[in-house]
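In the two assemblies presented below, subunit A is common to both, partnered first by subunit B and then by subunit C.
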Partner chain A sequence: MKNIIGTSVFRSDAPDKARGRSVFADDLMIPGTLHVSLARARVAHAILKGVKVPPIPDGCFVFTAKDLHSNLIPSIMNEQPVLASERIRCHGEPFAIVAAPTKELADSIADSIEPELEVLGTVDSIADALDPSKPALFEKGNVCSTFHSEKGDVDRGFRESFLTVEGDFETPTQIHGFLEPEGAVTFIDEDGKMMIVASTQYAFGDLREASAVTGRPQSEIRAMAATVGGAFGGKDGYYVSVFPAVVTHLTGKPAKYIYSREENIRYGMKRHKSISHAKVGFSKDGRILAADCSILLDTGAYAVLGTSVLKLAMEVFCGAYDIPNVRLDGKLLYTNHAPGSAMKGFGAPQSAMAFENLLNRAASKLGIDPVQIRIINAIHKGQKNSMGGVHEHEIGLEEALLKFRESDFYREMTQHPEKDCGYGIAVGMKSSGLGKFVPDTCHVTIRKTGGGYIVRTSIVDLGQGSRTTLSQIAAQALGVPFEAIDMQMGCTDGNPDSGSTAASRSTYVCGNAILDAARKIREGADEATGSCAFPEPKDEAVHAFFAFLVQGAKVKTDPVTGKTDVLWMHSTTDAGRIINPALLDGQVFGGISMSIGMTLSEQIRYRDGKALENGMGNYIIPTALDVPKLTNEFVEKPEESGPFGAKGMAELPTVAVAPAITTAVCSLYEDLEINSIPIDRTAVLKSRRKR
Partner chain B sequence: MKYSIHVPSTLEEAFTTRSRVGGQYLAGGTVVLAIKKPVCDLVSLSRIPGLSFIERKGDCIEIGGGTTFDELDRSALLKERLTALWQASHELAGPQIRNVATIGGNIGSMSPSADSVTALMALDASVRLFTMEGGKPCRRTVPIRELRLGEGEIIEAVVIRTNVDSSVFEKVGKRNAMAVSVVNMAVARVGKKVSVAVGSAAPNVVFCRRTSEILSKDCTDMMAAKAAILEEISPKDDRWGTVEQKRIVCANMLEKLAGEVSA
Partner chain C sequence: MKNINCIVNGEKVSRNIPDDMSLLTFLREELGLTGTKQGCGSGDCGACTVIVDGKSVDSCIYPAVLADGRDILTIEGLEKNGELDRIQKAFVEHAAVQCGFCTPGMIMSAYALLQDNPNPTEDEVRRAISGNICRCTGYQQIVDAVLSLNM
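Moving on to the complex of A and B:
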């Protein structure tokens, strides 16, 4: 049998998607469905004294916090209510659930429900959150969590440095921009159980949240992912299926709730806005001797997964390099903005913006090639990370840098740069797995059938292609053709819990669980459960292992308008053994496009807690004409513990884009330093262009 | 949002329907339907025959008010003779919008960033308007630089003289397609006479009379022309750009485009 690992087999979900046959949550039409709408706050911060519900038509329902078994979204901080009952902490925060036979009626009832409010001052920025004269969102204040770590003697490191570079950096609030907004349909099925069909990364998460809030036992609920039109972290940790689930639980009727695009943009979860400061000391020959890095993240009204985002932002801040003396300081801050949570990159793009820009400036000041300075400092297996823990897993950063140096991109950049074009490079790193102290296991089952095997997992194909890659792993492990694998994914009923489809973990942890089950099948079983526990770091670290990449950006700026056009992005990716090169390219190119948006045009701006952006006409994501030529190559340094040597890499490509582009832009000017994105065209226009 | 859409088949019927029910004309709908404004009655112009054409008539080109930007984008005549208008049509929004949005709709929307209006102002176009007086059809033709639409008037056609020697349009948005202009500008030259118009830099698209006069006198007097254009625009900070950015871009664009149209 030929090896299908490392081949770009045809995506198994493509034919249905291309022909419009895939069923998304909103495609489900159940007769008698109640349409759900939320009564949402029109102010960002207030004491909620009561909710006045006007008389409502027959067949319509309004539920408030007192109708819920528990008014708490289960989360790390356990501080987010399902429905505001005492306090409004962000614009758009729901305080009542409305259900009606039509969406229009539900919306108009929701509009007519008046909250009794005592309006409070708005905490409208990171600076506000740190200002003791501003109101506190919670009793403990506006600091949600902190991070501190110190390794070596940082002050001595700086004293011994030949060159020190330093800067303050800022990145914007960003949305996931998935094609399909958040949403779910719920109903009572023929067995009397409540069924949740959701656009979700983790059906078990929907199930547990619905159970906790309604009080309905978990055994009386089933959940499954419909076809999902993109997620990128925005459909995990907080599941909007809870709203129709409450309606179905309390009325027995089917219910549907799909976010409008405005709800998605204004009230959906966000990538954290960041303000960071970093100081880095170098020896004359380019060794990094000390790094002092701090970051402030705006997590909005509730943390959701924000505390983990902060840890990762700190862990990878200067984590790609072997640095003897490192100080890390971070704060996750509450503001009256929409909650910041997981988004592809999970804090890493924010810190890379600071560190990689500084590294490029230092390289230029020291007269060292930007790839060379990274080779000099690159982290290796067996070396210590920023917090002093030892890297026990495979790292291919140096190999990626060496390969990048052989690329057409590097040759053009260094030997024959195109006239009026700027070039810049940056390195990114991203962990795989949920991290220390978060249980991270995956179970799957495989059952033999007449024609092949059924593989059951709760992992969801969100568009990233995991249906295809996991099928490849199963087919290879079982020694059968790709077509003989029937993947049953994303459902709680009859499926083992494989954990969330998040944290760049699926290929690794689910792949390994499939290998475990396949081994038992090969040993003679007709049906087997396979498991994998994600390796936890033993010592001072948050995550056990990481993927890396080097990215180069080629740009042009228009002296008339100040506009930046990205012309070419080249990536060299280290993700262990590659299961499916075309899908890897897809992840790389998609991640780059997402971060080009953040670098050039995307941002949510708040005024008194209200997002100025409310539609795809004013929240500016890149179009096909804004995405450049994209090339990707990879180094294959197999990770011994991974399935066929693979590591997770889904989020990695978002990380290094911004500093690569900003460095490329600045290289065209005498006096331009870009420390804040999206790039300010006025600053570009006012700078002195190099001759 | 619920709409009643009336679909008249003649201009007369459109005018009388609109006078009867109120509401707005629908000439493509890409603006009206995107704004969540409670417009109950829409009078569609899309089924009225004879509103979509690009024709040469003597020393003019006439364009029907119902002509879509896709049709304008594909016109070789326009590309050759009225480059600025072709460029504006080519860069307006994206393919889906260009398939339905019409030049009459773009003019009638009265948007300060209407790309085609900037080009038409620089090209000194006129607009033929249809109305009814005493139950009889009645038409008037006015220069677009002086256009004030009367109650119920319909933009039947745009008329542009083809004696233009050279014309050019440029827009900059926050991205390369589907973008509202941060600034757009058109410059046209007829003999020595230069005309400049700017969009997104004032409450309306502006024909820059003083700037045009200076460049017509001496097309190299860029210092005076730039000073004049900065007097003639009145940008405000908006979500697309700041006052400072718009002013710098206007001055830069003027220099670039005036250079491009000069023989």
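Moving on to the complex of A and C:
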């Protein structure tokens, strides 16, 4: 049989998507549906003394916290209510659920519900969160979690350094920007069970949250992912399906709730704004001798997955390099902003902004090529990570750097740079898997049918292409054509729990579970369950393994406006064996585009806790004119434990974009250091251009 | 309420609709043509792009009453006898589809471009789809797909 691993098989879901036939949550239209709207707070911080519900028309419903079996979103910190009942902690926090026969009516009832408030001072920034004179969001204060790690003798490392570079850096609050806003439809199915059809990364998450909040037993609920219009971490850990689920549970009627774009931008989850500080010491020949790195993350009113984001930001801060002496310090802080949670990159883009910029500055001061200084320091398998644990899995960073050095991009940058263009490079790393102490197992089933095999998994194709890559893995393992695999995905009913489609884990953990089941089928079974537990790091580490990439940016700046135009971005990616090169390119290009947005135009700015941005007219996502030519190549260093040697990589391409671009811009000026993004055009304009 | 008569994907349609209904709502809720998507509701993202009398429009901010007497083409109208149109095929073959939510609007913008300009340059393609936001692909494979159709 032909090998289909490593071939760019066309996506199996693409034809229906290109025809407009795929069914997204909002495309489900059930007669008699109640449309859901939320009464949301118009202040960011207040004591909520009561909710005044005016008389409402027949056939409409209003539910408040007292109508819920449990008013708690199940989460790591278990501190987020479904509906505010005593305290408002962010602008837009919901305090009542409204259901009505039309969306317009539901919205107008929601607008008419008045909370009785005692307004409190707003914690409106990271600085406010650290200021003891500001109000505390929770009894324990505004520090949600902390991180500290120390390896070697950092102070001695600096004393022995020939050069020390240092800086304070800032990255913005960013939205996921998926084109399909959050949403779900719920109804009672023919068996009397509540069905949840959601735009979600994890249908079991929707099911468990709805069960906990409504008190309806899990066995009386089914959940499935509709076609999902992008997620990037923003449709996991907090499932908005809980709102229509409450309505359906309490009324027996179908319910639909789709976020408006304004709700998505203002009240949806976010990439954490960060402020970081790093100090890095070097020997004369470019060895990094010491790193002292700290980061502060704004998690908004609730942590959701923020505590894990902080750990990852710290773990990868200088993790791409073999450094003997490292100190890491981080704080996750509560503010009266919309909750920060998982977003493609999961803290890594924030820390790379600091470390990679400093590394480029040091290379320049030491007169060492920026690729060379990374080769000198690159981390390898068997070496210790920045917390002292040993890397036991494959690392292809040095190979990626060597290959990048052979690229057309590098040749242009070093040998014949285009006039008036700046060039910069950076390295990124991103873990896969949920990390230490978080159960991370995946189960799948395979059943033989007349013509092929049905593979069942709760992994969801969010757009990243897992339906196709997992089919390739199954087809290869079972020795049948790609077309003989019927992937049944994203449903709780009849599907085993494969864990969430998150943390760049699916290809690895679900791919391995498929291999496990396929082995049993090959041994003679007609039906088999396969499992995989994600490897946990044994000692001081958060994650067991990582993918890496090198990225180069070519830019121009406008002498009149100071605006940066990115002209080309080239990546060399290490993700183990590549299952489907065209889909891998798609992940790389999409991640780059997202981070070009963060670097040049995207940010949520808060004023007294209220987001100034409320639409795509003022929250500026890059268009085809803002994203340049994108090229990608990869090194294939197979990960022994991965399916056919693959590693996860979906989030990786967001990580190194900002420092590559800022370095490229600064290379055009005598006196410019960019430490904060999105890039301030006026700072560029004020700088002295190199001649 | 107003009565409108128009042609949608080659078929005559007549409906009584509220004055303030958008063309997008008309297509999705009156006609059940859910291939056209709502991404923002304010004409900023292009997910709702359809063709009206040969020109691409954002159907979410286009009043349905203005469609009276006009010829409308949506994503559902491109395939013939179950066979994908060449733009749809190019999108499939160039990995230009990821989550698929921007795809119908993106394809309609490409359709409008190629009607007027069968051999666009890369810059013309980028300009033509610049009203369509895609968060998944970084546009490269979409641009490649459209350019592959050059005669």
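Methods note: the second predicted complex is superposed on the first by the 691 of 691 C-alpha atoms of A that agree within 3 Å, B and C clash if a C-alpha of one lies under 4 Å from a C-alpha of the other, contacts with A are read in each partner's own complex, and residues count from 1 in each chain.
The rule is simple: a residue touches a chain if its C-beta (ideal position, glycine included) is under 8 Å from a C-beta of that chain, and two chains touch if they have at least 3 such contacts.
What you see is a predicted model; the values in this text were computed from it and never measured.
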Exercise. After lining up the shared chain so the two structures overlap, which partner does A:Leu583 touch, if you call subunit B first and subunit C second: first, second, both or neither?
Worked result: second
For this session: Answer with first, second, both or neither: which of subunit B and subunit C does A:Val228 touch in the superposed model?
Result: second
Problem set entry | First (subunit B), second (subunit C), both or neither touched by A:Ser593 | second
For this session: Pick one for A:Ala14: touches subunit B only (first), subunit C only (second), both, or neither.
Result: second
Exercise. First (subunit B), second (subunit C), both or neither: which does A:Phe24 touch?
Worked result: second
Exercise. Which chain, subunit B or subunit C, is in touch with more residues of subunit A?
Worked result: C
Problem set entry | Touching partner for A:Gly268 - first (subunit B), second (subunit C), both, neither | neither
Problem set entry | Partner chain(s) touched by A:Thr623 [first = subunit B, second = subunit C, both, neither] | both
Problem set entry | Shared contact residues on subunit A - subunit B and subunit C | 617, 621, 623-625
For this session: Could you pull out which subunit B residues touch subunit A in their complex?
Result: 34, 94, 170, 172, 174-180, 182-183, 239, 241-242, 244-245, 248-249, 252-253, 256
Exercise. Can you list the residues on subunit C that touch subunit A in the complex?
Worked result: 28-29, 32-42, 44-45, 47, 74-76, 78-79, 84, 88-89, 91-95, 97-104, 107, 125-127, 129-143
Exercise. Which positions of subunit A touch subunit C when the two form their complex?
Worked result: 8, 10-11, 13-24, 26-27, 29, 176-181, 227-230, 232, 260-261, 462-465, 582-583, 585-586, 588-594, 615-617, 621, 623-625, 627, 629-630
Exercise. Within the complex, which stretch of subunit A touches subunit B?
Worked result: 558-563, 565, 600-601, 612-613, 617-618, 620-626, 681-682, 685-686
